[in-house]
Structure formats: C-alpha cells, structure tokens
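One chain, chain A, links the two complexes that follow: it is found with chain B in the first and with chain C in the second.
Presenting the complex of A and B:
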C-alpha cells in the first residue's frame, strides 16, 4: 500500500479523502449556484404562487409561457442549478450519516440516479418543447 | 450499541447545546433535502406538459387541493429560509469579520424570514379559510374579461350595434 493510501485509510470515520481539488470546486459551486438560485427560485415561487396563483394554473398557461424561449432557458438554468446543488447537498448528508461503504454506495447510486434522471427528463422536455407538438390526451 | 460507528444517539444530539449554529445547520439540511424531494416530483410532472397535458391537469388538481396549499407554503418557507441562511453562510465565508457577528446574523436571518413568510402565509392561506381571494385572482379575472370582450365585439358588430 502506498504511503498516500495508508494516510487515506488512517482516520476512520471522516468523509472520503478529497480527490484532487474536487471538494474545493464543490464548495465553490455550492456558493455560486446558491446565490444564483436565490434569484431564480425565489422569482419562480413569487410568480407561480403569488402573482399567477396555483389555483389558476393550467397546462395551456404553461405551454403558452413555454412558447417564449427565454422562459424555457430560464427553467433549464433553474432546474440544472437546483438539481446539481441539491444533489451535492444530498451527497454531504449521505457521507455524514451512511457510514458503511456498501450501504453508502447503494444509497448514492439510488439518489444520483433519481436526481439525474429527473434532471434529464426536465431538460429534455424544455429543450424539445414545440407548441405544435400534437397532444396525447 | 449505537456506538459502533462513533455516532451519537438522537437524545445526545438534542442535548448538545450548539445553540443558534446547531439549529440553523439542522434546519438548513432538512429544508434542503425537502426541497430536493419536491423538486424531483415537480420537474417530472411539469415535463408531462408537452406530451400529456391531460395528465398534467391531473397533477395540477392535487396541487390545487387545500391540503397541498399548506405543503406549498412549507416549500416557500423552505426555499426562503434556505436562501437567506445560505446567504449568511456565504457572507461569513468570504468576509471573516462577519464570522465574529454570526450570532447576530442568525437572528437577522430569523427576523427576515418571519417578516417575509407572515404576509406570504396570509396571501396563500386565506382562500383556504374563505377569508379572501385566491392569489392572482384579480389578474386572472382581468385576463378572462379581456378574452370575453374580444369574443363579444364581433357579435355586436354583426348585429349592427354601434358602440
């Protein structure tokens, strides 16, 4: 075992040792995306919950808004930053509370798959949206 | 028993007196994980809008229920708290002087969250109790009235009525 490997295995219960600068970039990303999300997410909540009102929502209203590419790109940015910020936050919690290596890998696999699949579905829908798409009721 | 992984029991964790720092940290985690859970559902149901609008309306009917209005308020609270507390963390990270005032900053965040969520809660919950209109009702009615005018105008014109 290399000296580095031995040092890595030393502690026992802390988070996995940093791979390169990954944890530094993770820290930096949380701050940048967090500040961006303050504007994106709070605007989204203000608009749909208070200005439009969930009670008045309909599929037609959303489709009409999505005819404007600006709002589709806004939503791509919102869900991308929110999902990646949330995924990294979930990783912190998993690494804090799920201690056994096998369970940790299993939980991470499930959570990463769910979050990335949901993000992929959302981005796909936003980027391929076309108001002329025939509706399947 | 519980010490296999050097972890602490829930009782010990709650007796730990981390004061403001501990509680804001716990709430930051809980709100963050809660937002992520809702986000997963919300992105998938909204994605249905392009191909299956009928199914989306079904999801909307759940969102329009009185029960879900409380859940929506919880989501707004979570995002608001997570945003302001996160901003406090960023400020403390980049501006060491702020770290010395972290306890005051925690209380500033708490006051801002309460002052913001109270009027929002009033606006979102009052229709549930019959105490006021739905948020956006005036805007929605103005838009519907606009549509009716454009529909009726040709009828008047066809009848030869001068407006």
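Presenting the complex of A and C:
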C-alpha cells in the first residue's frame, strides 16, 4: 500500500505487505481453466461414454487415438487443467477453514504433493506411452 | 390480531456464561413489523431486552439481525411473512455485546480501510465537478449501502476468516473506484488486491440475497475484480 493510503486509512485490518499478484492470477486461471474444462471434459465424456460407448471401448481405440499428437495434447491439457483447477479450489478451502498456520502448511503440503504427483504420473504416462506393447488378451 | 411466539437469543455478559433462548408470546397484526413485535416485548414484557434501532424505516441500518435464520432489517419484515414461530438472533461473526447488539467496530474498521471517501487533490473547479448521467449511473447501485452489515455477516468467507475485508467494504470502495470525479481508484484497487481483499470472495451470492437495499453486491465485487485485472476502473 502506498504511504498516502496508509496515512489515510482509518485503522482497519493491518494487511501484510503486498504479496504481488498471485491471488489475481489464480482467480484469472480459475475462470480460464473453468471455461476450457467445460469443452475439454464435456467432449471427453460425450465421446467415450455416449458416442463410442463404454461397451465398445478397447485398447486398440485408445492406441489409435494416442498416435495423433493432437489427442495427446488434448489429454495433457485435460488432466493439467482439471488437476490444477481442483488443486486451486482445494487451496481456497484450506485457506478459508484451516486457520492455524502450522496445520495449514501441513495440509497444503499433503494435498499439493498428492495432486502434483498424480498430475506428473498422468502426464508422464501420456507422453511416454508405448503403442507397440503387445496386446493383452 | 393473532398470537405469535418470538424466540429470542438472549445474552447478558454480566450474568450468562453462554447465550440462551427465551420465548415471548405477543399479539400482533399481520402488518406489524418484527421491530414492532420486539418493541412490544421490550415495552410491555421484558425491559431488559436489548437491540439497536433508530429510524425504523429501513434507512439507518441499525436493526439488522437474523430473523428465522436470515439476515434482515427488523423494520422491513412484516409479521405476516415470518409465520407464528419467529426466531430472532444477533448477526453472525461479531462479538455479542448484549442480546441482539453486536460489536460493529471490526466491520467499521474494514470499511475505513478502503478509503470510503472522496479523494481528489486537483484544484477544485470554479463550479461543481460535472459528471455525465452515464458516469453517475456507473456506481449508482453501490451508493445505496446503509452499512447495516447484513451482507458481510451472511458471507461464509467472513464467518471463516474475520480478516476478510467483507462485501460491505468492497461495495463502498466500488462507489468511489467507479466515480469519475475521484482520483484514488488505483489506491483502493491496490488495497483490495489482497488475499483478504476481493480474492477471499468465493462468489456465493449470500451477500446479494441478504442486502435489504437490493444492491447487486456480487456483481459489484466482480467489477472490482475485473478492474484489478485490467489495472484500471476506466476500461
């Protein structure tokens, strides 16, 4: 806050020094990822569950799709936006309701580790999947 | 005339360890307001009942309280709309001083923190600072706030975290941020660009539903968020 603002303020909550625009960009990310996820997740859901149908889903179809770089990118985007959007939502809830600083750090560490590790495994699998492995009968 | 039962949360810090509920039976007209019913209790049954009221016409914002679990002004709610069993409690999230009277100082401190007054250090013109009808319209809605605290005390983010500046303070910042005659919009946006500023708002709309002046509070908060994103209120 500027010196003028501080001098004029009437004694409200004494805010910590500015921490940059992290909260602004995390809010903006939630809006953008939310809109993108509507299309990404809806398409994913409609395609695999209604158009293809779970009963016709096979490893061959997944393999065939994977060979197209566009669908690899699509799936990396889907898992990344979904996990990060969810993680940020969880962060909001933790910051709202876990009030003790020590407990907050502990809960955040566990949640961040779990979500980011899952995301890393997912992206790793998507990028390194070997389509030539023998089919499991 | 009909009989209603008023269940009021009572707390006397000099006698009670914790708040208790007491019931009072009052004869009312359907067009009586909840405030009239509270007055009937205080004047004719129990003079120790304590609550704030001043203008009694929905303008001063003194008698905001929880009526059947919802933040309302007691002077704007008719008995015919609340049924024969009415529960009256103080606003949530503030320290109860006595009965329905809460300590509003934290609320006013948050209000003061957003510079809720006109700031323009430029030399005043010879006559008034002119403003177009459209420019005035831009912040018309947020001029209606009466600082009753119904919005802030209906907000789960505020219940969870009393450091949150709260919807009422943001509404009053909005009133000046979008005023073309004011020169301190950037300063206010900087104050509100904080984890405890607008970013603690989760867009739950409780504030908008609670406002007795029907201010579109969530919309105003959204406009402040966008002004922070764009870096200006003049976009």
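The rule we apply is simple: the second predicted complex is superposed on the first by the 113 of 137 C-alpha atoms of A that agree within 3 Å, B and C clash if a C-alpha of one lies under 4 Å from a C-alpha of the other, contacts with A are read in each partner's own complex, and residues count from 1 in each chain.
We take it that a contact is a pair of C-beta atoms (placed from the backbone, for glycine too) under 8 Å apart; a residue touches a chain by one contact, two chains touch by 3 or more.
The shown structure was predicted, so the numbers you read here are calculated from the model rather than taken from an experiment.
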- line: Comparing chain B and chain C in the superposed model, the one touching more of chain A is B
- request: Return first, second, both or neither, reflecting whether A:34 touches chain B, chain C, both chains, or no partner chain.
  value: first
- prompt: Given the touch rule stated above, what does A:53 touch, chain B (first), chain C (second), both, or neither?
  reply: first
Message: Touch test for A:21: chain B only (first), chain C only (second), both, or neither?
response: second
- request: Could you look at A:90 and tell me whether it touches chain B, chain C, both or neither (first, second, both, neither)?
  value: first
- line: Check: chain A residues flagged as touching chain B and also chain C 12-13, 99
- request: Using the touch rule from the top, collect the residues of chain A that touch chain B in their complex.
  value: 12-13, 31, 34-35, 37-38, 41-42, 45, 49-60, 62-63, 66, 79, 82-83, 86-87, 89-90, 93, 99-100, 114-115, 118-119, 121-122, 124-126, 128-130, 133, 135-137
Partner chain A, residues of chain B touching it in the complex: 5-7, 29, 32-33, 35-36, 39-40, 43-44, 46-54, 56-57, 60, 63-64, 69, 72, 75-76, 79-80, 83, 86-87, 90, 93, 120, 123-124, 127, 134-137, 139-140
Field: Residues of chain C defined as touching chain A within the complex
entry: 106, 109-115, 119, 156-157, 160-161, 163, 165, 169, 184, 187, 190-191, 193-197, 199-200, 202, 225, 228-229
Message: Which residues of chain A touch chain C once you look at their complex with the stated criterion?
response: 1-2, 4-5, 8-13, 15, 18-19, 21, 23-24, 26-28, 92, 95-97, 99
